[in-house]
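Here it is, the structure in full.
We just call them A, B, C and D in the order they show up, numbering each chain from 1.
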Amino acid sequence: MRFFSDNAAPACPEVMAALHAANRLDTAYDGDEWSRRLDGTFSELFGTDVAALWVATGTAANALALAALCPPHGSIVCHRDAHIQNDECGAPEFYTHGAKLLLAEGIGAKLTPETVTALLDSVRNDVHQTQPHTLSITNATEYGLVYSADETSALGALARARGLNFHIDGARFANAMVRTGASPADLSWKAGADALSFGFTKNGGMSADMLIFFKPELKAAALYRRKRAGHLLSKGRFLAAQVLAMLDDDVWLRNARAANAAAARLAEAAGPERLLLPVEANELFIRATPAEAQRLRAQGFDFYDWGPGEARLVTSWDTDPAAIDELAAAIRAL
Amino acid sequence: MRFFSDNAAPACPEVMAALHAANRLDTAYDGDEWSRRLDGTFSELFGTDVAALWVATGTAANALALAALCPPHGSIVCHRDAHIQNDECGAPEFYTHGAKLLLAEGIGAKLTPETVTALLDSVRNDVHQTQPHTLSITNATEYGLVYSADETSALGALARARGLNFHIDGARFANAMVRTGASPADLSWKAGADALSFGFTKNGGMSADMLIFFKPELKAAALYRRKRAGHLLSKGRFLAAQVLAMLDDDVWLRNARAANAAAARLAEAAGPERLLLPVEANELFIRATPAEAQRLRAQGFDFYDWGPGEARLVTSWDTDPAAIDELAAAIRAL
Amino acid sequence: MRFFSDNAAPACPEVMAALHAANRLDTAYDGDEWSRRLDGTFSELFGTDVAALWVATGTAANALALAALCPPHGSIVCHRDAHIQNDECGAPEFYTHGAKLLLAEGIGAKLTPETVTALLDSVRNDVHQTQPHTLSITNATEYGLVYSADETSALGALARARGLNFHIDGARFANAMVRTGASPADLSWKAGADALSFGFTKNGGMSADMLIFFKPELKAAALYRRKRAGHLLSKGRFLAAQVLAMLDDDVWLRNARAANAAAARLAEAAGPERLLLPVEANELFIRATPAEAQRLRAQGFDFYDWGPGEARLVTSWDTDPAAIDELAAAIRAL
Amino acid sequence: MRFFSDNAAPACPEVMAALHAANRLDTAYDGDEWSRRLDGTFSELFGTDVAALWVATGTAANALALAALCPPHGSIVCHRDAHIQNDECGAPEFYTHGAKLLLAEGIGAKLTPETVTALLDSVRNDVHQTQPHTLSITNATEYGLVYSADETSALGALARARGLNFHIDGARFANAMVRTGASPADLSWKAGADALSFGFTKNGGMSADMLIFFKPELKAAALYRRKRAGHLLSKGRFLAAQVLAMLDDDVWLRNARAANAAAARLAEAAGPERLLLPVEANELFIRATPAEAQRLRAQGFDFYDWGPGEARLVTSWDTDPAAIDELAAAIRAL
């Protein structure tokens, strides 16, 4: 029973079925019937006109979004622990052609208007420093916290006030949705977002994430950037079909609910003493001495050590309830 | 019956089966059991130590290869009609950070030592011009011709003599293999190639191509480049599994043979008068007046117009023999 | 007596005097009194509001202009023999982050609406090809021809009709001015130009060229690009002072006239038979057998061989009239 | 009397004389007699074979050095207050094509083996993070401290132990030399440096800095990078001549001594209470209330406010001793 990452989980049955259904000749690239439905389907989901591009990874979605929102000579404000800073090997710098990331603070990888303001105020407004053009947050965060609609709006308002574009890395957007109960619109464009990396892979897809532009005029250039990055898959229908299958019957929400629920049960078992941070999505950061961690592993549970005396456990859409019961019991027994 | 591109064909049954077999939790990225077999499997196939990286597109394979083989201030010699020049929206320039493509001549998108030499000799050896660092050919070419092992070797020898790295875009490498009867080694490293983009998608995969380095020391940097390009898929096992399934029992060769055979039958039907170029792989370029093209389309055959009075037809691994019979008859009847 | 290049000539006396006059403490970068006069002075010269940035080289001016006028995923139409293609080691690709140069034809490195149209029409309007965003011409051309105001306007109109930005590499703009008798405005923004690389170095400066934007809103980003390229000199007043000194009393036109006149006298001596191209600025391309070239060199004249049996001679602002007489006589005597 | 920056000072008389002496026709670019002497002259100065390239700015020297020492997918360790991080508008990111700067700590912008080690140890050694390839320090630092030969060596040894290249930003290398009494060799290659940005502009040049490679094999690619960055000035002899003039008779050391001495006198006047940091080169950071700063300004002294209640004063090669006396008195009188 492995709790390393939702990244490693299988694809859900609806996705596999969709791949079969799409396994027939159709127009290459994004000219097929599935890909052509994406703008419409996502516009409906968000209740506004959006442009929707599939990509194979969240890193590509983030980097393409940032390239659309920040010039090479600009900078991007994000959290010190943001995925775009620490886990993408410089993809934002590659796609933006060298924009800088400016690192702001906040508990649990969560920015606040205060921490962002403090950072912005530290930038000299002259030609010797790259000027901030974009704010990027991650919802749910890298530490499993979520931004509510209000919190997102407050950052969006700040971004607008300071002339910044606003990007949301939603690799776990579904988990944030389910937790906050907010609508997709409330957590994105109504809160001021210009672009959203909307993750499906971590949530039960095989290899499909969406880049959503709430300013549809950003799409045109992004199509060229996607192609030139080698991300225009020739049989793109297989990506589109995955995503559409997960939107049908709210599979995406079902999957996120399952992952969140599993994490919540583990959090309950761990108790507030052991938790490093509240568990709001599908990630759990706990205190565990090396001996405790060893005891869990001896029972067949695997996970990452985080800091010293800390462990990270990630649940996914398919986490077996029985395994959760066992792990919860094991944690309680520590 | 559509003959637009092998890009648009379905995935073959073995690939679909492999996706199912791989649909269980394993280590993320390329730490899974399938991905870890790739270096070994391809080293065996080529009879030498190679490094093998999966990517989701041929464009990514080409661009990563070129970035490994040419510095930003260098240039890459390729054919005027090369895919890397005309069909990748500047992916080589993006990945190499601005290297230039220098365009050489040759019939059917095929370079010769003479045309490459003529181009190289036109470059002034001073700091005001980018200096050629790499030669890139496509086998089979964009016009459906193949380089024999000897022809490839001649270019490889020239590259070595002139201090150039040597890359082969093998989006249709299988078709070239089948046509020439040469071994994978003969058409690649024994002919001097440093890197090969080895296509599986056009040949019955869903979304999997391989980047093969014959200098394994080039792999380390390429891993970082792949990640930063957003091409390190989190569930990479699904790419590796596709490729391994196509190598098993020589599915890849079976598929390529089927596509080549279909094209050969159409070529026979067309006859030498109508053919613009010999048909050596799975692409057919024919003379067809607008009226003739219209007549074919009226019978349900679809394809691209090429130049004025010209048409391109591409066969794929799954082209229905009955459809080929019908089309062959329709061409004969023009 | 060397006729290699106007690039190698000394700085004219007015420039040297200006350097002395500017050799006192003032605000660093471009905050000094000289630099602050540039926008105004050039706006007056061109009879419209322009933004004017100094740079130390024509290559920097060209590359910054192109970066302002073409996105990384776009392409730039220029002549096959353009300086930006052949003599800047990929500076346009570096500054634009990988835009492609598309090469059009024309005698004497001179584009025509027909050759540009032919090139534009050869580009497929799809995401697999970089789309042209910019047209760039050189006036005077790399082969010493000039575009008249009408010819420039015709290209400007074509650019506008096709949605292209329009850049002029005016490394020898002064020579073109003097030859055509047209006004600075007629040869630039009135003809549709968005940006002009306005050369002073070849025309008697020490190291100063200007980048002129006829859409002043392009300046803001260019200031950041210039800084990040390392082209914001801390003692920028020395560049501004050179340029202002050359504008005073029309030194720039006097210098260009001297260079053009010298070339014209040599052209007359050479006669139409020997000239490869009309001599319209300060470059001369002549037929000269190896023996003839040798004979000239034996008399102390030095120059570049061009093609086989061809030679290039370049005159500059300070070419000694006596030397021109001697060379003219020597050419006549061949 | 302005104490804003040594950047804004005039050029020293020897430099002006050298510009005149070089004001005659010679080979363009770096083929002239002055430029051709640079490798030899600097090899002698450093007592080892070096490659020496002129550039017009320190930013260009730094960015070219870093591009030679760090791949696009790597990262560069520097101080949080380094010029390359805060004052070059992303030039390192531009020239390296997107390498990341990793920010380490230390008093007075000075790194120590401990702070560098702490940073290095925080980087995960996997493909999801850019890996450090280069260490860059500034001597004298942005806060006017100097690294002794031993301190530099300790960092050089750490760099070597961790597989990092080692760059020194020596915009004020002369000031560090003079202060430490160490030889050029001791402060550079003997301490492990691979490249040095050797500043002349701040020290009395007009616009000339040197990029010194202690691995001469790094020069070849740097020549192409310099050209493609637009930094190969056509009349490069004017840069070379400035530098050679400053090396002659140790003008560079005389100038640095003058600037350091002026700062030392001001430091003495300020006294330890008022000084934020020891004054080791030509920069002075003092505590000064707004009222105190105002009082100084009222007496005709101008300078930058730094933090709240802090001021920065920079002396230069030509700071008038009388002005220093006056300012010293004024500071004492606060």
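The definition used in the following text is that contacts are C-beta pairs under 8 Å (C-beta built on N, C-alpha and C of every residue); 3 or more make two chains touch, one makes a residue touch a chain.
Remember, predicted model here, so these are calculated numbers, not experimental data.
With angles rounded to a multiple of 5, the C-alpha fit of subunit B against subunit D returns 180 degrees of rotation.
Here A-D and A-C were compared by C-beta pairs in contact; the pair with more is A-D.
Over half of the residue numbers found at the subunit C and subunit D interface occur in both copies, marking it as a same-residue contact.
Averaged Cα coordinates give subunit A a centre that lies 50 Å from the centre of subunit C. Per-chain CA centroids place subunit C at a distance of 34 Å from subunit D. Chain geometry summary: the mean Cα position of subunit A and that of subunit D are 42 Å apart. In subunit B, the residues touching two or more other chains are 29, 72-73, 88-90, 93-94, 97-98, 127-128, 130, 224, 227-228, 232. Subunit A makes touch with subunit C in their complex at residues 29, 71-74, 97-98, 127-128, 130-131, 221, 223-228, 232.
Of all the residues in subunit B, the ones that touch subunit A in their complex are 2, 4-5, 7-11, 16, 19-20, 23-29, 55-64, 88-91, 93-95, 201-202, 206-207, 224, 227-235, 238. Against subunit D, in their complex, subunit A makes its touches with residues 72-73, 75, 86-90, 93-94, 96-101, 127-130.
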